[in-house]
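Naming follows writing order (A, B, C and D), and every chain is counted from residue 1.
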Amino acid sequence: MIEAGIIGGAGYTAGELIRILLNHPEVNLNFVFSTSQPGKPLYSIHQDLIGETEIEFTNGINIEVDVVFLCLGHGNSKKFLAENQFSETTKIVDLSTDFRQKSDEHSFVYGLPELNKEAIKNANFLANPGCFATAISLAILPLSKNGLLKDEIHVNAVTGATGAGTSLSQTTHYTWRDNNFSAYKSFEHQHLDEIGQSLKQLQPDHDSEINFIPNRGNFSRGIHATAYTKYVGTLEEAKEFYHNFYENSAFTFLTDEELHLKQVVNTNKCILRLQKFGNKLLVTSVIDNLLKGASGQAVQNMNLMFGLEERMGLKLKANYF
Amino acid sequence: MIEAGIIGGAGYTAGELIRILLNHPEVNLNFVFSTSQPGKPLYSIHQDLIGETEIEFTNGINIEVDVVFLCLGHGNSKKFLAENQFSETTKIVDLSTDFRQKSDEHSFVYGLPELNKEAIKNANFLANPGCFATAISLAILPLSKNGLLKDEIHVNAVTGATGAGTSLSQTTHYTWRDNNFSAYKSFEHQHLDEIGQSLKQLQPDHDSEINFIPNRGNFSRGIHATAYTKYVGTLEEAKEFYHNFYENSAFTFLTDEELHLKQVVNTNKCILRLQKFGNKLLVTSVIDNLLKGASGQAVQNMNLMFGLEERMGLKLKANYF
Amino acid sequence: MIEAGIIGGAGYTAGELIRILLNHPEVNLNFVFSTSQPGKPLYSIHQDLIGETEIEFTNGINIEVDVVFLCLGHGNSKKFLAENQFSETTKIVDLSTDFRQKSDEHSFVYGLPELNKEAIKNANFLANPGCFATAISLAILPLSKNGLLKDEIHVNAVTGATGAGTSLSQTTHYTWRDNNFSAYKSFEHQHLDEIGQSLKQLQPDHDSEINFIPNRGNFSRGIHATAYTKYVGTLEEAKEFYHNFYENSAFTFLTDEELHLKQVVNTNKCILRLQKFGNKLLVTSVIDNLLKGASGQAVQNMNLMFGLEERMGLKLKANYF
Amino acid sequence: MIEAGIIGGAGYTAGELIRILLNHPEVNLNFVFSTSQPGKPLYSIHQDLIGETEIEFTNGINIEVDVVFLCLGHGNSKKFLAENQFSETTKIVDLSTDFRQKSDEHSFVYGLPELNKEAIKNANFLANPGCFATAISLAILPLSKNGLLKDEIHVNAVTGATGAGTSLSQTTHYTWRDNNFSAYKSFEHQHLDEIGQSLKQLQPDHDSEINFIPNRGNFSRGIHATAYTKYVGTLEEAKEFYHNFYENSAFTFLTDEELHLKQVVNTNKCILRLQKFGNKLLVTSVIDNLLKGASGQAVQNMNLMFGLEERMGLKLKANYF
């Protein structure tokens, strides 16, 4: 059994990790570290866990675990690792933005399995991608793989309220969010950096603009993204190289039918649809922001890092309706 | 024109009052007092008001207005009136709980027009009823009027998230409330006192228990209540004395059809439905908690206090879908 | 008083028209024609109208009314007018797509007041714009007015479920739509024609592509649209010519703050926000699809056609939360 | 491996069964019979199954399967079994109401494991309980077990839109249901019969009225029920006999904290909370109507009927937010 620890146990991504790991056949949840909740049972915060486990939050860390997941606010993972040292064999999966940009100062591998599967298998330190970055990168990576991103890319995506975290705020207040919709951080979302880095990895000459408008939707979970760009080939050719790119993917699939968000909610899947209109290729992409966009992908990466079957523990029943 | 002031201008009830009074043909909105927002335009908080008015919040009070509405937290109206004095002719409409219970210490009239219309017309100080109290009292007052409340009353009601006010809290966080439902304050809700007082006013020997379970619904506005009790007469008799009781009501109506909440959302109406099953009379009651349950009823009371047509300024387009 | 008739009274746009006209100070609702509901009271279908009116649907038409509103399915207005003739002085406001494209075969004026106010004032036959067309045209018309639409325009918009009409369908089934999101009719929405016609009216050399992705949101009312295109001037210049363009608008306003859909829900307003990023001008636009996008604009047009104050009967209380 | 077939594969309960059985370690999904969809892949209807399975709906039945689940409309199971015969060893689990009432004419066991576990283990024919019946019976059965149901029981429960099935209808139209609430079938819901039968099984002299008001909530999944009745003991005594009653339950748990619906959504659990007010015991009960209230409980029963661990295949990740 893989002994696993979680640092920062009270938020959404930690909650989802706990739910997955409790049922993972090869994992034992060794500890869940929380500075705010020590001594309380996990189900005092993650209240659906009544009857599932009697584990309590702890303020002590077992540095000998096989893997540790960092579910900390952006900027805090770096700080935490500077102050705490794990055993030499402990693998680290970080869910924050802190190590997503390649740098000489760290050896974290960017954990998008569809892009970096072999590197992930050998990684000891893994930077788990952002939710928007996952949805958008999966929509356009096959284009960059084929050197076809030569013009501006136009992306519009909408995320659920869990994307804003557990902190209370005006735009996650029920009476504000209910039946509402709004754009935010247009053209300036922080995930653009990750996406650019991944595109350049496959198409080094890539320097097209990505015009990205993120939106707040009045739902709890999921990301729905559309991306289009100029594309001279046929739709059939596009379908073929997308098919080839995702042939060995465990969770990313293509469809020819109308696509909607709830096809993936509460699963680790990404579903993509390709369409061509005039000289544009339109790709629609849907994921669950907390699973394929966070904790599910983290476990997928863990499976790869430990040589387990990639889908282990991740055959989740969708919450389709 | 009636010069009107509002004390405590940033919350939901103040917002609804402002929206109504700006379009009221006989009212001029003289000032909106807010200690937190002075100098800012009303539309900086009530952002739908862009293009409607350039009025700003003020931290000064005009004590010469004809009417002032107190939109303060429970307990704060009493304190505010102890510290601030209006002119002798200023009428006061208080939306808090502070003066709803009759007492020798104050001369506020309980402002449920269906119960106290004549007293309201002559009132200088008015205590506006609570939202649950309004929905439930209107459901059962005709029974007490006819001396028929002799057994326990069973009430279940659900309120929207605006009922919890503008303060951020876990149970109004979008990800918690969305697609959720929960009971709270069962058998102990603070509005039971008001309801009991009104019932006793019409049926002095009333001492039946009111078993009241309030619930949090995953919608923004409105209250849906069901109330039943033992009743020996026929349904037709009940319909007749309900009809008589509400004959001159401006906003309370009976229906024989299935009733649902959105029939009254964004209006000042209450709609009631009567049914009989075995020896029980079931009454269903729906209101908008912010209008008939708060600000709309406050303006209805103001209209009565100033001798205006009761529906003036309150012919609101429903938000039926 | 203006005597008004409505043809096709059971749908959403007819419902909204009825709600507005019942409270319009210069209008008498003369008849509501419905082939499916004759003899039933309006409130049997528009159930919020209990207590407001006892008018019944009729299957007879009064051809002498001053104005008639056609709330028929697309294609049916033409057919209806071929089979039914009104008096020579009856003005006709059609809410369908049938007469929105200029043609030698009819004399309908396209009823977007911000574009055609003078023509509307003199119109006897008026084609009321589509909801997406209204939201998008208002976002970009000032650019075409200044000859600045020289590059592709990128539009993404989301509409509420009322946009799909009252017919039951899979994508308006609650369990499908709840917490869901999906794109549809990408690059091919039928409103592109109207938009193109309006842009060409102000900028005859306009021939840029409009890349338009409409989406289904999980809310009931409203449209939120973002539109961007290349723009070489400064943001201040843009704000100035937008300000000039909308200076005399009764319902279209600019804001410098974050914009969200519920600022306009249940009102006849359009609010616009301008931002500049790199060489792109981004315009966000929000309307209520049933009011400024349909019935409210129809009444606004009626007011203009009859020389009334443009906002008469349209000072609606927002359903802000 | 247990070979399983499903009759009537296009509805919600069939969809949930398929999702569970595809991941059940001891089950092979042998066929999914559908008269409307033969030859189409399951994911053409249950569109979240893309990438999970290539199985197609069939219009042929394998009568040799080990277990068959009937997911047919009420009344149709009886008809189906009259027209189709399975092998002598095929066990039948019926999700309709057809066999829930004991009768000399059939040998179906009522499949509420908390009530009938031993009988279920030996059953060949099983009638799976209704959703409201499950939530309400689990709330009050320990009282009847202890002979304490001597007075009227007052039950109010709210169900999500999936409770109404996949058929399109006005009350499941998005624009109707969104932000709405309504009572229906008050005092007359068809599940009262099942509940009464179960109570009498434990307390043969039970003849108290159950006053039951079901409601339509504006959410997709789940049932939240409150039930109260006169009770003379202490709260601690009640907790003790509830604890004893559910000691060996695989999915039914007690909590002392505030309870809300999303603690159980997308799981097979029931959580109960006990409170005492005056002389009343109040029990709150929450389940997922499609899982513990339908397909999850069907699989739980199948596990018992085949001697498998009761929770096998049912360790589902909650959709807590």
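Just so it is clear, contacts are C-beta pairs under 8 Å (C-beta built on N, C-alpha and C of every residue); 3 or more make two chains touch, one makes a residue touch a chain.
All values reported here derive from a predicted model rather than from experimental measurement.
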item: Farthest-lying chain, centroid of Cα atoms versus that of subunit A; value: B
item: Pair joined by the larger number of C-beta contacts - A-B, B-D; value: B-D
item: Separation of mean Cα positions, subunit C and subunit B [Å, integer]; value: 34
item: Centre-to-centre distance between subunit B and subunit A (centres being mean Cα positions), rounded to whole Å; value: 46
item: Subunit B and subunit D: spacing of chain centres that average the CA atoms, whole Å; value: 40
item: Subunit B: positions in contact with at least two other chains; value: 12, 160, 162, 175-176, 178-179, 218-221, 260, 262, 265, 321
item: Touching residues on subunit B, where the partner in the complex is subunit C; value: 12, 15-16, 19-20, 23, 44, 46-51, 162, 178-179, 220-221, 251, 253, 255, 257, 260, 262-267, 269, 271, 315-321
item: Residues of subunit C that touch subunit D when the two form their complex; value: 12, 160-162, 166, 168-170, 172-175, 177-179, 218-220
item: Of all residues in subunit A, those that touch subunit C in their complex; value: 154, 156, 158, 160, 175-176, 178-184, 186-188, 209, 211, 213, 215, 217-222, 224, 226, 228, 258-262, 265, 275, 277-278, 280, 282, 284, 321
